[in-house]
Each structure stands twice: as C-alpha cells, then as structure tokens.
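Report on the structure given below.
To keep things simple, chains are lettered A, B, C and D as they appear, and every chain counts its residues starting from 1.
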Amino acid sequence: MDYQKILIEIEEEIRPLLGEGKVADYIPALAQVDAKQFAISITLNDGTHYSAGLADKLFSIQSISKVFTFTMALKIYRDTLYERLGVEPSGSAFNSIVQLEYEQGKPRNPFINAGAINITDALINFYGDREKTFAAIISYIRELTDDSSIKSNKIIADSEMQNGFRNLSLANIMKSFNNLDNSVDEVVKTYFEHCSIEMNTKALSRAMLYLAHDGTDPINNKEYITQSQSKRINALMLTCGHYDASGEFAFNVGLPGKSGVGGGIVATVPNLMGIAVYSPALNANGNSLVGTKALELFTTKTGLSIF
Amino acid sequence: MDYQKILIEIEEEIRPLLGEGKVADYIPALAQVDAKQFAISITLNDGTHYSAGLADKLFSIQSISKVFTFTMALKIYRDTLYERLGVEPSGSAFNSIVQLEYEQGKPRNPFINAGAINITDALINFYGDREKTFAAIISYIRELTDDSSIKSNKIIADSEMQNGFRNLSLANIMKSFNNLDNSVDEVVKTYFEHCSIEMNTKALSRAMLYLAHDGTDPINNKEYITQSQSKRINALMLTCGHYDASGEFAFNVGLPGKSGVGGGIVATVPNLMGIAVYSPALNANGNSLVGTKALELFTTKTGLSIF
Amino acid sequence: MDYQKILIEIEEEIRPLLGEGKVADYIPALAQVDAKQFAISITLNDGTHYSAGLADKLFSIQSISKVFTFTMALKIYRDTLYERLGVEPSGSAFNSIVQLEYEQGKPRNPFINAGAINITDALINFYGDREKTFAAIISYIRELTDDSSIKSNKIIADSEMQNGFRNLSLANIMKSFNNLDNSVDEVVKTYFEHCSIEMNTKALSRAMLYLAHDGTDPINNKEYITQSQSKRINALMLTCGHYDASGEFAFNVGLPGKSGVGGGIVATVPNLMGIAVYSPALNANGNSLVGTKALELFTTKTGLSIF
Amino acid sequence: MDYQKILIEIEEEIRPLLGEGKVADYIPALAQVDAKQFAISITLNDGTHYSAGLADKLFSIQSISKVFTFTMALKIYRDTLYERLGVEPSGSAFNSIVQLEYEQGKPRNPFINAGAINITDALINFYGDREKTFAAIISYIRELTDDSSIKSNKIIADSEMQNGFRNLSLANIMKSFNNLDNSVDEVVKTYFEHCSIEMNTKALSRAMLYLAHDGTDPINNKEYITQSQSKRINALMLTCGHYDASGEFAFNVGLPGKSGVGGGIVATVPNLMGIAVYSPALNANGNSLVGTKALELFTTKTGLSIF
C-alpha cells in the first residue's frame, strides 16, 4: 500500500475542517496554541516512517502519557495492579466522582484521570519518590523513541497544578479510602508532569510499536511487556481510550487508540504499525476533531479497521 | 485450519470447569436448567458449520436478542435512532438507574436493558402493535437461520414479566421523560417475549454471519444493513456486549460478542465467521463462565483475536 | 387573640399575590382549577373554628393524605414500621430515585412518594386488599372530621394513574428489592386514590387536632396514637413535610406542616390548634405560593412559631 | 422548675450507659479521650447557670463551631450568602459528594462539611486572610462566653489536616466549580482550626443564649443577628444539625441542636435557655450517644420540646 500517498490525501481532505472545534482553554499555555495545525505519522513494524503535515511539531501529549505509565505499572505489578483499579468503561463524566465514591475509591480503569493518578501513585511506590518516578517515565519514553531530547514542559505542568482542582479532588477521595499511598500533592504533581511531556507525531507513532507487536518493540527487540499484557492495553484503548466517546471512536475509527486534550491521538494497527495524529482543536467530547477525522479516513482508505 | 479439531479440543479442556459458576435463578424456568451443559458452534462465511457438544440443544437467548432488535431498528430508523439512546458504555449496574435518571431517560446504549426496552418501543412504533412487532422479530431470526421452527418460550416470557420489576422501573423512568411511546406493559412484555426466544448454538452461529460480512448475509446474499451499520454493531458488541465485564471480555476473548443470562454468547470474527457457545452456569458478572472460557481458548488456539 | 381578625388581615394581605405561581398541570383535572382561589382555617383544641376565604371549597388533598396514612400505619405497626422505611430528610428530587437505589429500596421517610407508596403497601397487608384499605383510610378521615361526605375524586385518581410513571418506577424499584408486598398496580392505585381525596380547609384544620394534642383528638377524646408517636409525626412534618423546601418552610413558617400539590397545606401549633390553607398556584418548589405566605403571616402576626 | 435537681437526675440515669458507643478514632488526639466522661449545663436567659458532671472539662467542639461561623457569615453577607450554599437537608453521607457534584459545587446547607468549609471561605474573603479570620472567630466566641482563655488545640487541628482527605476533596470540588475563592489549603486549615476550638459545657450553654433570645445576647445586650436570622439558624439546627440523624434527633429531643464529633451537643430552648452536653462516645450516626440520651431525658422531664 502507498502509505505516503494516503497520508497526503488525508492531509488534503481534512484541510477544510481546520478551524472547526475548540482548543483546550482551561490553562493559558494550552489555550494559545494555533488551532489550525495538523500532523499525521505512521511507523511500520519494520521501522519505516511516513508522515504528512507538521510531524516534527512538539505538543503536549497529556492523556496519551497514560498508555506509557499503565504499561510501566503493569510490567512491575502484573495482575496485582487490579487490586487498585479496574479495567471497565466508566460512563459519563458526571459519573467519574460518583462512581469513585460508590466504588469506594477504586477507579474504573487506568485511562480515566482517577485511574491514571492511581497508577502514578503505584509507580512512586516502586521508584521511591517523585523525581525518580518521573525520571523513569521520561527515560522509558526516550528509549521507546530513541530520542533523548524529549522532556516535560514545566510551565504547562505548573499551570495544570494550579488549576487541577478536579484531579486533586479525585486523589483526595482515593486517599480517604486508603487507595493512595503517597501524598496527594506529590502524586498529582508527578501526574501533571508526565501529562506535560511534549512529543511530535513522528516519535509517538514510533513509540506505539511495542503495542502493535505483542509487547516487544520490533526495532530494538526489547520485550517491554508480555503478549497478554499488550493485548490488555490494546483492548483497554479500544473500550476506554476516549472518555465518553470511546464507543463512537471504536465505531468511526475501529482501532485501539488514546487521545489527549493537547490534540494528539495515538492508535495501533495490531501486527502492523503505530499511528499518531495531531490537531489541537477538540470536538464536543474533548478529542481532536480533525485528528479523529484523519484516523477515520485512514481506516476507510486502508481497510485496516479491526472490525 | 482444522476447526473441528479445535472445537473438540476446547470441549475437552473446558470439561473440568463444568459445574463451576451459577445458573441464573431469578425465575424458576431458568433455574432448573442442567448447569453442566456445553455447546460450541461456528459457521464460516461460506456456510460451513462446525460444532462440538450439544449444538442442537435449545436454550433461552435472552440478551442476545438485543443484537437482532438493534439491527432491525437501525435499518428502519438509521441515525435518527440516536435521538432515543446513545452508543457509549455505561459503567456499573448501580449506575443503570442513576444514569438513566441523570441523563433524563435516555439510555446509554442498546445493549443495556433500558436501551433494549427502548429499541423494542421503537419497533412497536414501526410495526403497529405488540403482536406484529414480535412477528417481525421472529420472522427476521427465522430468515437469518433458515429455520422456521424457532419460537419464544411462553412460560419463560410470562415468568420474566412476573419478576421484571427492575425492567418495569426502567421503562417507567423513560416513560416519565417522554422517551417511551407505547404502554410500559406492552413494551416490556414484547421485550421479554424476544428475550425468551429459544435457539441452539448451530443456528446462532449461522445468524451472526451478516455481522461477520459487513451487513450482508453471505449465504442468502441479502443486505440486512449497510457496511457502516454492521461496523457499528460490531463495535458496540465489543465495547458494551457484556455488561460490567465488557472490558474483561474484550481483553480475554478479543472479539465482538454479546452474552445472555441464559448461558449463550455469540461472537463474530470479522470477515470470517459467526460463533456461538452455550453453557448455563454464569460467572460473577452474569456471563457464561465456561462459554467465556471456551471463546478465550478459541482465540488463543486460532490467533483470531482482533487485537 | 382575635384569630378571626388575623385571618381576615391575612386574606387582605395575600390578595396582591393571587395569580403568582403556577397551578399543577401534570394532569388535566388539576390544571383547570382556578388559580386565584384562597382559603385559611384554624380549629382550636376546644373545637372553635375560624376561617377566611373559600373555607368550604373542596380541593384535592394530594400529599397531605400521607399524614393520615402514616398515622394509621404507625398505630398498626409501631416501630417495626421502620424496617420498611426511614425518618430522615432526603435531599433533592434527583435524589429520590438515586437514593432509593443506593439504599436498596428503603425509602428515606414516609412523606416522599416512595415512602408513602410503601406505607400504602403496609396498610394493604393489614386490611387485606385495595378496597378495604381505601375504605379504612376514608373512614378514618371521616371520623376525624365528623364528615361522612368526604370522598375521593375518581377522575383525578384515574388521571394520576395514567400519568404516574415516576411513582410506578419507584414502586417497581422497591418491589425489586423485596420491599413491597402487594402488586405494584394495586399499591399505586390505592396511593393515588387516597391522594385524590377532596376536603376543604375547615375539615382539614379540624383533622389536624390529634397532632396538636399529643395523639388524642381533643373533641372526640379518642386516642389515635400515643404522645410519642404524635411527636414523631410533628417532627417529621417539620423536617420532611415540604420536599426540597422543608428547610425553607421550617424557617419561614416555623410550624410542623405538610403540603400537597393540589394547593393545600396543613400545619399544627402544638397544644393549641390545627391549621389549613388553600391556594392552588404553586411556587418553584411545588408548594402553594400564597398558602406558604399566609402561614408565614400567621406565625408573624401571632408569634406562634415554634422557634 | 428545679433545674439543678433535673440535671442531677439525668446524670444518675445516664450513668449505666457510659461506656456504650465509640469515641471518634480517625485521629489519635481524639481517640485517646476517656469515653466515660459526662457533663450537662444549661444557662437561662437571665444568666443563671446549672450544671452536672464535668462542666469545666474542655473538649473539642468540632462541628458545633459551624453554628458560630454561620452566624458570623450571615451577619456579614445576609441573604447574598445563599448564592454560595443552600438551607435544605442533604440526605445520606454517600450523598455528600454526589450531591455536591450534581448541584455543581453548591453545598446543601452550612452544617454539612462542604457548607461549613464554604462559609469559612466567605469569612476569609471578608477578614482578609487565615490568621485574621481565625482571630475574628475566636474573638467572637470569647465575647459570647466572656472567657478570653478559649483557644484552639493546635495538635488536633494539625492532625485533622493530615487526615482531612475527604474535606480536601469537597473543597477541591467546590473550587473546580468556582465556588471557593481562597486556596483549598488555607480554607481547610482555617476550618480545622475552628473545629479544634476547645470549650466546656458551661461556656457552650452560655454561648447559645443569643440563639435562644432572637439574635440578641440577653446578658451583654448585644444584637449579634436579627430575629429573623436567629430563627433561620434555629430552624437549620433542627432540620440539619445532626447529619443523617437529624430527623431522629428532632423526634427524640425536639429542640434545635448541633452535635460535634468530639462528643458535644448544643441546643436551644427558644426564649428560655441554652444547653450543652458532653460525652465523647458516639452512636452509629456519629452523635454523642449519652449526650443525645441526656437531652432526651431533659425534654421529657421538663416538657420543653418544641413539639
């Protein structure tokens, strides 16, 4: 298949949509991003890259970081991780607090905020403190992408922390149910720090390869997680990767994926490739409007939906 | 692949598990079923059947009927159907009433009870009354399976109705929000009537082919729904097909599927086959314990998981 | 104190407010009532009556009937009644279904709909069937008021039943938790039948005397309930008598009271008198707008608030 | 009435109950309190004191402080205070977070934790910072009691803060809905500081007089709040003063009151006296077990229930 041609077609076809949607504006650093940017990259399991658009443009990966931290925690704790949190979809946003309360501080899955905060807490338990934990996360992502320049944006992380009342509330509920071991502040700061990591679509599509290849990176041949754990993460991305639009995404795109409020989305085509798109304006569900459309065009043009 | 050999292997391997779990006992007619029964059938897109176990044994399809009624409603109403209900996962069982109340009588998806009851109401609107609606449903299933003997079990349907307080409650909530057009009694009776249809795994695996073949039955060549609608239903089965164990099923089995409390589960391997399993004892989440295990063995042995 | 003068003053002072608010319109029979009607009556413990306005005008007592049915059930079951339901306030209307679900079908108190439906069920258990239960209720009210002409309005009761989806939903939730013994239909019909009893303010103020006199009617000298039970009912009227405006009413009026959506409100001044007001236009909380104001004027002018 | 005799009788009669119930143990400083202590004091509107038991024993007033802070805020903001919070009862504890979320960060009333935290925030707005706010609160209480030795226990306040995850969660939810102006930490610290004020029953019964006397202290003749505001606070104490046992307390005791988890309860007999009891072991609802019983005996013996 001529992937390069397909990516360029997609770039053409989404152009009229650029400008629709709304850039995340809950913190100033994200609000000032140019809404009309677009990038799409794929990396095949043999390492071949294809891109269209601003594939070198760095952006805040936000919730995409949850895929990396969940991978790390699953490797460390294996199934004992599920004493802390579940793997089921969670329903509406209203629900996030209600259900956390009803289910006594146990988050539904690692891709909702409460779950990802809980995963961060588990990582701090293992690595010892906030600095070492973040160092391990960034080191893991750098290794996956073979790019030692990747780092977190301190301005964004600080700004998130200053406005992170909802996440602080979730962390405190978990703490009150004894389902958070470290200090709320330390955990939530670390969480925002990894959310504020900046990457481009080229690196992100590369980083997804271990999930497109049963847990083992097909380039560096390192087994990060088992085949079964990789299947688990792909299944979770499909059922829970897009907040309250996960069902919509499963239908429209038909690939395991994870979106971030910074405008990025990653996806995998099992056994074939990693994908990343970027466009900062979001649809009503908080997922990249043009990014979702681009992925939809990609599976339509290539027939690579898993359904 | 030697499917017959694989099915027989599976039958052997699940044997030690027969007897674990618990048959649904909320109505007498289901409670008295022999817990140790097992059947598995697949039907390939070319019509070839393979089975192991009691593949001719009739059982109550229960929630599997939701796949058929949603198909019919989607064909009739297309996207206007989503004015009535959503397509997103729904969280915990506790949630089913809370969320219906919070979201003003609009069910989260067609595979939770409230959603399926709502779909039944939409079908009654179209077909005119309860009798005509049920006639259309049974006629559709008979056509799909080329088996005119399929019918509903009146004893079970009546017994469900006499114990259906929770479903009556859901229907009344929808009615109070003007999201149910016909009488609560008429709708819920029709709903229980289609839940009480009895089929065997052979017929059920056959009936799934249109969903394994982009909406068009590969045997009778009839287009029941569009390719896009078929993708929608498969995506929904993956994200919402197993109540509060949908994420677990997506991981363990890795196929779009729908379970029923009678002990049956249907699944599709896109572009390849329909599958049905039966074993009445249920796990803690209300899905067939041995049936789930059998499907897990099937995707492990065949490598046919979509992930 | 010159009560007659005070009542006439009140009638004058509320006149400019007549026409504000909104008559209940969820059923036609209530919607067509003239919004500008007003009546106020008091009956002292010695039997003296004072009235102003349309004190002979019959209206639908609606939720005021809950005071009578709770009295009857408390007399019969004493403290075992609290195995069925609680005595605590319940929060918002949204809550009524959520909390019933969370608290496994046990209503918070006898003055929310779920609680009153549950009480009706308990009465049917005692009296044997729907007809005998209603006969006992109407007979009790006739005895309290010495007025054998009091009856229920069948048109209103039937109309309520045809639109009673929310109440049917609550009854079905309780039934699903085994906290309702008789058929949902029978219980809810009986409930609507006693809600549709028609009385005037004169009779209602008379009927409250047993609650203003420690459980014993000061006119006919009959002990209906014990002093302690009477205190319980007065306390409940104060904390739970006005749905989500009970706190507001306790402050503004400062008397134990119970309102009905038909526009009536009853209240007691402990050891002194029963009061009833009527004006069908309701405020945002579903309580008689002018009726509430009239009671507020009454306690201001007489200084009879319990605070 | 011979109040002294009555108090001594009460002390005798509750003696067998000492030791029942359970001292609050969520922080060490409270857990080590001797469970068998008891005190009761009343102060009449003319200033006469009567006490029995350990009336000079200091204890942590905890939620009783909410009465004082609400008084201060009501004086400052009058009815604009209700833009921040309501005056209605709130249902179950489960509910406290659910309802705060459902009602978009607006607490139901000033006596649940969320409401009292919100009131503290309003006071900080007025007084400028945490120190000045606490100074104003302690100064107000010292003036009411004419006792300049009253102070907060820093060990308890610090310990509460270290375990205050649930309150921090509530504050963060309010903050996320823009219904908290100051920093969560500053507000919650101030809140715990006033909860940790230590008083004895003698001083507390004295401090209630302004609420037993229409807002004006009958001893120092100072008008703290208007008659109407005083009625409001009394009504709130009656409907919301005892968490999820407010209805029970209204019935058993029949006086406006407010309990604290430290084992104290204050109450007023309108126009007559302030009351305070102390006994640290709590009943299942978190109110002083013996204290509640003592108040019940008091209203039974004196006939001073408001019902």
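The rule is short, and it goes like this: contacts are C-beta pairs under 8 Å (C-beta built on N, C-alpha and C of every residue); 3 or more make two chains touch, one makes a residue touch a chain.
Everything numeric here is computed off the predicted structure, so don't read it as measured data.
Chains that touch both chain A and chain B are absent from this assembly. Chain centres here are C-alpha means, and the one lying farthest from chain D is B. Note on chain placement: the centre of chain A and the centre of chain D lie 47 Å apart, centres being C-alpha means. The centroid of the Cα atoms in chain B and the matching centroid in chain D are 56 Å apart. The centroid of the Cα atoms in chain C and the matching centroid in chain D are 32 Å apart.
Counting partners per residue, chain D has 94, 98, 102 as the residues that reach two or more other chains. Applying the touch definition to all chain combinations yields A-B, A-D, B-C, C-D. Of all residues in chain D, those touching chain A in their complex are 94, 97-98, 101-102, 165-166, 168-170, 172-173, 175-176, 184.
Within the complex formed with chain D, the chain C residues making contact are 86-92, 94-95, 98-99, 102-103, 108-109, 231-232, 234-236, 238-240, 244-248, 250-251, 254, 256, 270, 305-307.
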